[in-house]
Structure formats: structure tokens, C-alpha cells
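First chain A sits with chain B, and in the next complex the same chain sits with chain C.
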Partner chain A sequence: MFMSLFLKECKIWCKSILFYAYIIILFFFYVTQMRSESAIKRPRPGEKEYGITYSENNSDIMNGTLKVLLNEYYNNKFVTYPMGFYKPVILSANEIKQVEKNISKLTGITEKDWKEKLDHYYESKNIKWSFYITKDIGYNEFLSIMSDLEKVIGKGSKYSAKALKGNAKIAKTYEQALKEYDEFLKKDKVTRAYARVFSDYMGIVLAILPAFFGVARVLQDKRSNASAVIYSKKCSSIIIVLSRCLAIIVMLFIPVLILSCFSLVESLYIAKTMGAAPDYFVYLKFCIGWLLPILMFVSMLSYFITELTNSILALLINSGIWFVSVFLGFDSPLISVGWNLVPRFNIIGMHGMFQEIFPQLVKNRILYSILGVFMILISILIYSIKREGGHKFYGKISQNFNNQS
Partner chain B sequence: MNTEIVLKNVNKFYGKNQALKDISLTIPNGMFGLLGRNGAGKTTLMKILATLHNADTGKVMICGLDVEERAKIRDKIGYLPQDFTMYGTMSVYEVMDYLGTLAGLKKKERALRIPQMLDKVNLQNNYKTKVKAMSGGMRRRLGIAQALLNNPQVLIVDEPTAGLDPEERVRFRNLLCEIADQRIVILSTHIVGDIEATCENIAILHEGELCFSGKVSELLNIAKGKIYIAEISKLELEEMKSKYIVTGMLTKGSKVEVRFVSEDNSFPYARSVEPNVEDAYLYLMNGKEKV
Partner chain C sequence: MERYLKISIINLKITFLPHILVILFMCFIAPFIMGVQNLQPDQVAKIVESYLSLFGIILFLPVFIPDMNNNIRDLIASKKESMITHHCIRVMEALILLFLVGMLFLFYLKSGDCRFLIEKMSYSLIANSIFLGGMGMLVFAISNQVAFAYMIPITYYIICYGSGKKYLGNFYLFTMQYGSFQEKYYIFVLGLIMITTAIIVRDVKFNLRKYK
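Coming up: the complex of A and B.
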């Protein structure tokens, strides 16, 4: 009975405009985002530059941050992302004074001296940067000063603890560039690097689009007045809900797999031209391990909320989760995992960095997979209660459980 | 085999509102009519029988099984709810196949039963018709066909003729009578004509209370000698309406032939007539309201 019902549920989606809209949006997103990604080129000795990297060294972080601070101070324009969106901050005279005090502490020179030096640097060309953190300042004290600065400038500034590493941009050496190229070729086998970026992009859309499917499937019964007939049938609630949920997940996952094949073919071609031994199954692994948990969680959360409330409330909740995950929940806009629904790794290469975040990524994905399964289980429970006319509680939500004649 | 439905002291509350008040009723094999105004509690009672609602107190036995044994009961019943419809994009055959699967029928059984049922409800030429393209009457017939898929011992039909044109209504009533052979068919309606044309046994609900249960002939007996016809002038009509329950009127030129309920023949020129179900129902309802 289950397979028969599951196939019928899949067929329902095949006739749905929503499903084709999903495919079009997914394809459009893939084409516009993934096409712009280019491969890492083999570095040659003696090149003018090899790109930039982010230093983990405390001294680099401190000096890099000082440079950013002085630049922003000079222009009195401090870049912040308080809600994930860009917001330039212009400080008042009093606030500027507080920043100046902190710069004096950081540089260890008088306000008058560093101001003169800074004016001279910006007015004259070809002067080497000569501002450094004084030796008297340790990393902990530096962090404390940054905390003070953030209070003055506002949240989401370049002086927040999360953003400090991003200030430590340093030029890559030839050796570093070569190492990264080798890792791209041998460890990532080219295909893995592309699969990561594919998952990164697809994760953004998969964190919101499946929500529409959970809502649509549950409300379809209500809109079509079909609930009572279906409730009265012999089939168990477990089979009904499970077949519906699995059909949603499978039908939403198939287009992702097909798109991944396009990307796989492209990355195989690049791998071949670069002489790398590609991993043919890496996209499949990333789709299952990275994207499936997002898809499951989002679609099943919306299914559960809609089953509970018989309304489109799930769309609001899912939109909120999506907004927080994509715009607020990151440490860095390009690479971020934590417990965020949408892990980010928007860089081709950086194998070492991926290895570092991988254990957390695994834990993160397991959490969302479990939550997805949990949503299915409680949806079954709620459906089962609704089939029996609800229970002896009466509230706004439970009004959906009972329909008095 | 036990082929009756027994309700004993059934009560149902929605919050503080009591939808069913101590209902005790036995429903035998054949067509059974459940009559009552809108909001009388008919749908609640039907939903309890269809295992979609719980009774708060009391006992409900369907063909010897306690209604709490939902899985077993659902295997024995067919249910056509009020305003039945299904997903608009599905065809007639797909609806039957989908609901047949939910009813636990295997593929072979479905392949055999679906054409039989569609033939029975005269939808044999509409296999590919989409639900959204069907008329109200066609949808009701599809509803009956799906309810019969599992060959149920009990068929529960809630307000099936509301909104149908007269021809469709007659066709539908006839269909229900055909089906009622060797099974219980419970027809809930507020249209007295449906009951009169199809049911031998009926129950009447009024504000959640059972105010009559028995054969149609017994209901008619209650109103016997209380139904009259009189020919009056149009000017007397308003006065007539204020004094009596008028169950029918027929204009004849400047006169009106009025059919009314009266405990005694106090109206001059009135003659006693045999009551029909509508007269008896209105007589009963009027008595309930006075109480």
C-alpha cells in the first residue's frame, strides 16, 4: 500500500505548477550563480601576485585591523552589517574622540603624532604604511579595545570578534598558492571543490523553496474538501503522512540531483583538462550529506506547522529561519558553518579550511536530518489526532481539529 | 452476523456547546433517514459513526464492533461527506484509484472494482474527466462510487442532494435505494422529500436531541387528524399564517388553498387530509419549539 500511495503522491506533484516553478527557479539560480565560478590556475614563480589569504596569526590580525580602523577613521565612514545588510556609520565628534583614544592605545603613540602621520600618508603618494600595534598591547587587551570600539560604532562592524580574522588579509606567497593548487588538484580532485560551491549555492534556495511544498500539500486537502473522505479510509496515518512526506522530499531532491549532474559534467571536464583524477560520486555525496538535510528540515517543518495550524503560518516561520540563516547567522559571508541551517563555503579551493570545518559540518547536518525526521513523526501524530476529531482541548489551534456541524 | 448500529446515551460537546444530547438509537439494515434542521447535530452524529469524531460519553457499536476500533470500523464503512470533492487536477479514475488505495484495496481489486462502481453511478464514460470539470451531481455520484469501493456494510451519506437539480436529485435517491440492499445506508438531510422518497426508518434530531425514531408510518400517525386543507381568500392568508403552521399553499385565482396543521378543526370550511412526511415533520418541530 505504501509504495502505491507514494507513487500516487509523486504523480500529484508531477501535475503541480508549483513543482515546475521550483525547477525553473532552481535552474535559474544554478545558471546565474555557478557559471561564474572559475578554476584555480597553476601559479608560476615570479608572478606579481598570487592572490590574498587570511592570516591566523594574532599579530597579522591586530595590525590588519589597525589598518582597517585607521582607513575608516580617516574617512569617518565605518562599514557595519547590523542585520546582515550593509550600513555605513558616520560618527559624531564625541564618538570620534573615543575612537581616537583607542587608536592611541593601540599604536602607543600620541594622538597628535599618529594624526600627523596619517594625514601625511593620505596626502602624499608612495609613502609606505607605517602603523603597527604597540608591543605593550597583548591579544587579550586588543580584543577588549575592539569590544569598546564596537560599542561606539555599532554591531556588525569590522571590529566584532567574528569579523577580526577577515581584517588579516595577507598576500599569498608562491609556496602558499602552489600548495593550494596542489590540494585543489589532488585532495579536492577539482570536482570536490566545485561540489562544495554547488552545495553552497543550492543550499540558499533549498532553505526556502521546499517550505511551499509542505504548506501546499497539507492545504490541498483543506482546499479540496478532501480531508473527511481521506480521514475515513482504512489506511493508517503513518502510511498516509509518510508517503506524502517522502514524495515531497524525493520530488524536490530529483531536480537537485539532475542539476548536480550538469555541474558534475563541467567539473569533470575541468578536472580532465587539469590532469586531476576526479571523484565521480562527490556530487551525490554532497547532495545527500549537505543539501538533503536542508530540504528535509525545511519541507517537513512547513508540513508540520501547516498540519498543526491549517494555515500558511509556516511560510512566515520558514521565511524568518531562511532570513536568519542566510543573512544573520554567519561568521563570515563566504565560509560559515556553526549550527546554521545554510552552511556556507563559497570559495573554490581552500581545502585546508574545509577540512577544519568538516567535523562541525557533519554534526550540523546530522542535527537537521534528525529534526527533519522528528517533524515527520510529530506530523504523523497530529494527523492521527485530527483523524479522530481532535481531543478534549479547545484553543485557536485546536479549532482546526474540530468542525462542528 | 450483526448488521445494525446501536447508539447508547451518546453525548458530544464542543467546548460548552452540547451538540448531541443523550442519543440512544438503533439503526437497522436498509435505508435510514436522519432528518433535522441545519445545526441539529446530524453531521456530528454522522462523523461519530464515520470515526471522525469521538463521542464524549456513551457507546456506539457498528455491526457488533465498538466505534473505538477505528481501523476495523473504517474497513466496514463508506463515507460521503457533505460537499464531497477531491483534488481538481485528478481525473475520475485517479480519484477512485487514490481513494481505493487508501481504502486498502490491492491493485487487482482496484482494477476490478473501480469500473464496476463507476458503471453503477453512471460515470463509465467519464474516466478521464477532471474533478474540476465535473458538475455537482457528477461529483456526488463519484462520491458514492468511492464510498462503495470497499463494499462497505455501512454507507454514511451526509446531505447528498443539497444543491442538486430535481433530475439529479431523483437519480441520486434512486441510486441510494439500489445500494441499500443488504447494507445500512444512513442518509442525513434537512430535505424532507429525500427521506419520504427513500427511507422506511427515520430519526429526527432537534438541537442535539433525538425527538423521533421509528418508521415513517409511525411519524405519519403522530400527525394523523391534524392536517387540514382550506380554501381562503388572499386577504385571510396573513391571519391564517399567524395562527397555524402552514405547510403548503396553492393559489387558485383570487383564492388560496392552504394546507395547515391544527390540533382541532377550529377553522370553518377546512377538511382533514392524510399527512405527508413534511406535515408530520413540521408538526413535530412545532411541538418541540413550543416546549
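Coming up: the complex of A and C.
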């Protein structure tokens, strides 16, 4: 029974314009985003620069932070992440004065002098950076000034204790660049680095598109007035809802897998030309581990909300979640995980960084997978309640509670 | 005139109320998730183009939602006013709501010492909103699928964030952030064309169904 219903559901999607639009959009995203990514080149001794990395040294952290502070002060645009999301803060005249006082403390130069020097630096482009933390300030005092700055600018600024290390950007040495290249070749096996970026891009679209399918499927019954007929059938609610949910997940996941094959072939070619031993199953692992939880959570959340309300409310809620997860994090670092629905890793290479965020990524993916399964279970429950009489309130289960009160 | 007013009040209560609550909620949470004070014109443009423009999808899509139910559609059709009149009233309501809420938000930004020309920003907001909303309405009119109707403008918006600047030319939504206003004329005109076409298509389809 389950299999025949499941196949019927899959056939419904095969005839749906929504499904074909989904495939076209995924393909468009893949072509326009992934095709522009280029591989890491082997560094050679004596090159002008090898990129940037982050220092652990206190002096580098302090001077790096001063540079960031002066840059943000000059533009009067202080970047913050108050709830983990991007928010530029423009300070008022009074707040700017407080920042200026702190800059004077940090540099040990009078306000007038450093302002002149800063204007001169930004107006004539050929001058070297010459602002450094005064020797009178130790790391602890520096931290206390940073804490004052955070109070003025707001939470989640680049001056919070956690973010300070990120300000200490230093030039990468040849040895560091060579190590990263070796990791790209031997540990990432080239293919893994591309699979991460593929998952990053696909995650953005998969955080919204599956929502339309959950809504469309539930509302289809309402439109065709089929609910009452289906309710009267012998088949259990578990089989009906489960076959529908699994059909959505499977049908939406197949195009992702097919696209990943295109990307895999490209990365295999690059790996072979670079002399790396590729990982043939890495895309499959990333699709299941990284993208499937997004797809499951988004589609099942919309299915559950639509089953509960019989309205398009799910589209608004899912759009809101997408907006918060993706849009507000667009200006954030290209590598971020946390508990965000859409983890970001938009850089080819950086194996070490990926290893650092990996445990959090696993926890994050497990959470969304559990939530996805939970949504299916609640949807089954709601469907059962509706079947037992909830439908007399025009299919809106929420009306039952209103009626009781 | 009195009848039109009655129709619009009923539409406001039944069709638009949840959507009005959504856009008011979006206005309410804006200060918590983005900077709304002391902004420069390009920063205000970013809010208008990438946040407030979404009001268009939220307000214009419900124009056809009541007619999805065949019984309601037949009931409305049995009244003195034609379907096209009902749709035009709903579009006007959406436009007025968009203008009111948008202007309130822009004045709120002004009160926070943001620097921008209110007439340019309001035009930009209306142009983008009409464009996205019109796109959704047209898809709705053709496909009669609400999920598909939301999917297309939302995807268009996402494409603008991706590589849209490269591919969409004069129909790229976020031009004012980069200091260009010219494109808004194209967006506005095409938005109006899409709304008009959507109403005509919907009405033609309805009449065809009636005479079958």
C-alpha cells in the first residue's frame, strides 16, 4: 500500500509545473554560481603574495584591531552581528566622540594628530599604514578599551572578545601557502573542496524552494475538494502522510544528486590534472549530510504548517526563515556555521578551517534532520485529528481550539 | 461608489488583513535586524530594495486568492460588479496599503537621521514592489497555483542576490544601492504591464470557463 501511494505521489510531482520550475532554477543556480570557481594554484617561492591568514600573537591582534577600528571610524560604518546576523551601525556625533577618545588612548597620539594622519592616509593612496598601538597599553587594558567600544557600538561588533582574533589578518608565508596547497591535494583530494562549495551554493536555494512543495501538496486536496474522499478511505494516516512527505523529499533530492554528478565530473577532471587521488563518493556524502537536512526541514516545516492552517502561512514563515538565514548573513564571513539553517563555506580549500567547524556542522545538521523528522510526525498527528472530525471546520485544525475556548 | 467602498472594506477584512499583519510585523522587527539610523542614501536604498520590496509579493499576490475557491468565485461573479472590477479594487487597495506602510517606514528612517530623497526612495519602493507583485500575479493568473505564484517572484529576488546583476540588465532590482535610478522606470512599467495582463488573463479564463 505504502509503495503504491508513494509512486502515485511521485507521478503527481512528475506532472507538476512546480517540479520543472524547481529543476530549472536549481540548474540556473548551479551554472551561474559553480562554474566561476577556480582551483588553488601551487605557490612558487618568491611570489609577491600568498593570500592572508589569522595570527594568534597579541601584538598582531591589537594592531589588526586598531586598523579595523580606524577604517570603520573613517567610514562611520561599524559592522555588527547582534543576533548572529549582519547589521551596520552608523554612530551619532556623541557616540563618535567616545570612539575618538578610545582611539587616542590606543594610539597614544592626540586626537588632532591622528585625525590629520588618517585623512592624509585615505586621501593619498600611496602612503604606508603607520598606526600602531602605543607601548603604554598592555593586552588587558586593550581588552577593557574594546569592552568600552562594544558598549558604544553594540553587541556582536568586531571589538567583542570573541571577534578580536578575526581582526589579526596577516600575510601568508610561502610555507603556509604550500601547506594549504598540500592539504587541498592530499586531504581534501580536490573533490572535497569543490563538494563543500557546491553544498554552500545549493544550500541557499534549497532553504526556500522545497517550502513551495509542502504548501502545494496540502492545498491541492483543498482545491480539488478531495479531502473528504481521502479521509473516508481505509488507508492509515501514517501511510498517507508518510508517502506524501517521502515523495516530496525524494523527488526534490534527485535533481540535487544529478546536479552533484555534473560538479563531480568537473572536480574529478581538475583532480586528475593536478595529480590528486579523488574521492568519488564525496558529493554523495555532502548531499546527504549537508543538503538533505535543509531540504527535509524546509519542506516538512511548510507541509506541517499548511496541514495545520490550510493556508499559505507556511510560505511567509519559510520566506522569513530563509531571509534570516541567508540574506542577513550575506555580508558575514564566507565561512559560518553556528545553528544557522544554511551553513556557509564559500571558499575553495581552507581544509584546516573546515576541520575546525566540522564538529559544529555535524551537530547543526543532526538538529535539522531531527526537526525534519519531528515535522513529519506532527503532520501525521494533525492529519489524524482532521480525519477524526477536524475537517468540519473547513479543514482548519486551529478552529478546533477556538471552538473549545 | 458606496458599493465599491463596501467591497473594499470586506476585502480588507478577509483578503488583506493577515498580509497587513505580516508587513507590519516586518516593519516592527526591522530595527532589531538592521541599522535604521544615521544611514547614507545607498544604505537606505539597500533597505528599500532588498527588504521593503518584498511587501509587493505579500500585498499583490492575495488579489486572486479569494477566487481560488470555485464557490466563492461563482458567488462573486453572480453579483452586479464584474470580476474585473473586483480585481481592480483589490489591486488599488494593495497599492494604497503599500504606499501607506512604505511611506510610514520611510518617514521613520528620516526621523532616525537617515539621508535620502523621499520621492526617489518611495518611487523605488513602489516600482520594485509592483514588479515583484505583478510577476506573482501574472504567474497566478496563468497557472492558478498559489505556491507557484509565490515561487517565481521569490526566486527572481534570490537570483538578484546571486548573479542577477550580470544577467538581468535593466530589470535588476538592486540598482539604487549602486547609485543608478534609470532602471526603476523599466521595472515600474513592466510591473504595471504584468498586473494589467494578469487581470485580463484571469478575467478571460473566467469567462471561458463560464461559457463552457
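Everything below uses one rule, namely that the second predicted complex is superposed on the first by the 306 of 405 C-alpha atoms of A that agree within 3 Å, B and C clash if a C-alpha of one lies under 4 Å from a C-alpha of the other, contacts with A are read in each partner's own complex, and residues count from 1 in each chain.
By definition in this document, contacts are C-beta pairs under 8 Å (C-beta built on N, C-alpha and C of every residue); 3 or more make two chains touch, one makes a residue touch a chain.
Small disclaimer: the values here were computed from a predicted structure and weren't measured.
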Now for A:8: first (chain B), second (chain C), both, or neither, which partner does it touch? first
Between chain B (first) and chain C (second), which, if any, makes contact with A:316: first, second, both or neither? second
Touch check for A:204: first (chain B), second (chain C), both, or neither? second
Which partner, chain B or chain C, is in contact with more residues of chain A? C
Quick check on the superposed pair: does A:88 touch chain B, chain C, both, or neither? Answer first, second, both or neither. second
Can A:276 be said to touch chain B (first), chain C (second), both, or neither? neither
Between chain B (first) and chain C (second), which does A:215 come into contact with in this model arrangement: first, second, both, or neither? second
Which chain A residues contact chain B in one complex and chain C in the other? none
Would you pull the chain B residues touching chain A in the complex into a rising list? 14-15, 17, 19, 39, 41-44, 46-47, 50-54, 56, 70-71, 74-75, 77, 79-81, 83-90, 94, 97-99, 101-104, 107, 131, 143, 146, 150
Per the touch rule above, chain A residues touching chain C in the complex are 17-18, 21, 25, 28-29, 32-33, 76-77, 82-83, 85-92, 204-205, 208-209, 212-213, 215-216, 219, 223, 311-313, 315-316, 319, 323-324, 327-328, 330
In the complex, the residues of chain C that touch chain A are 18, 22, 32-35, 37-40, 43, 50, 54, 58, 65, 68, 113, 143, 145-148, 150-152, 154-155, 158-159, 161-163, 166-167
What residues on chain A touch chain B, complex-wise? 1, 4-5, 8, 11-12, 15-16, 220, 224-226, 228-236, 240, 387-389, 391-392, 394, 402, 404-405
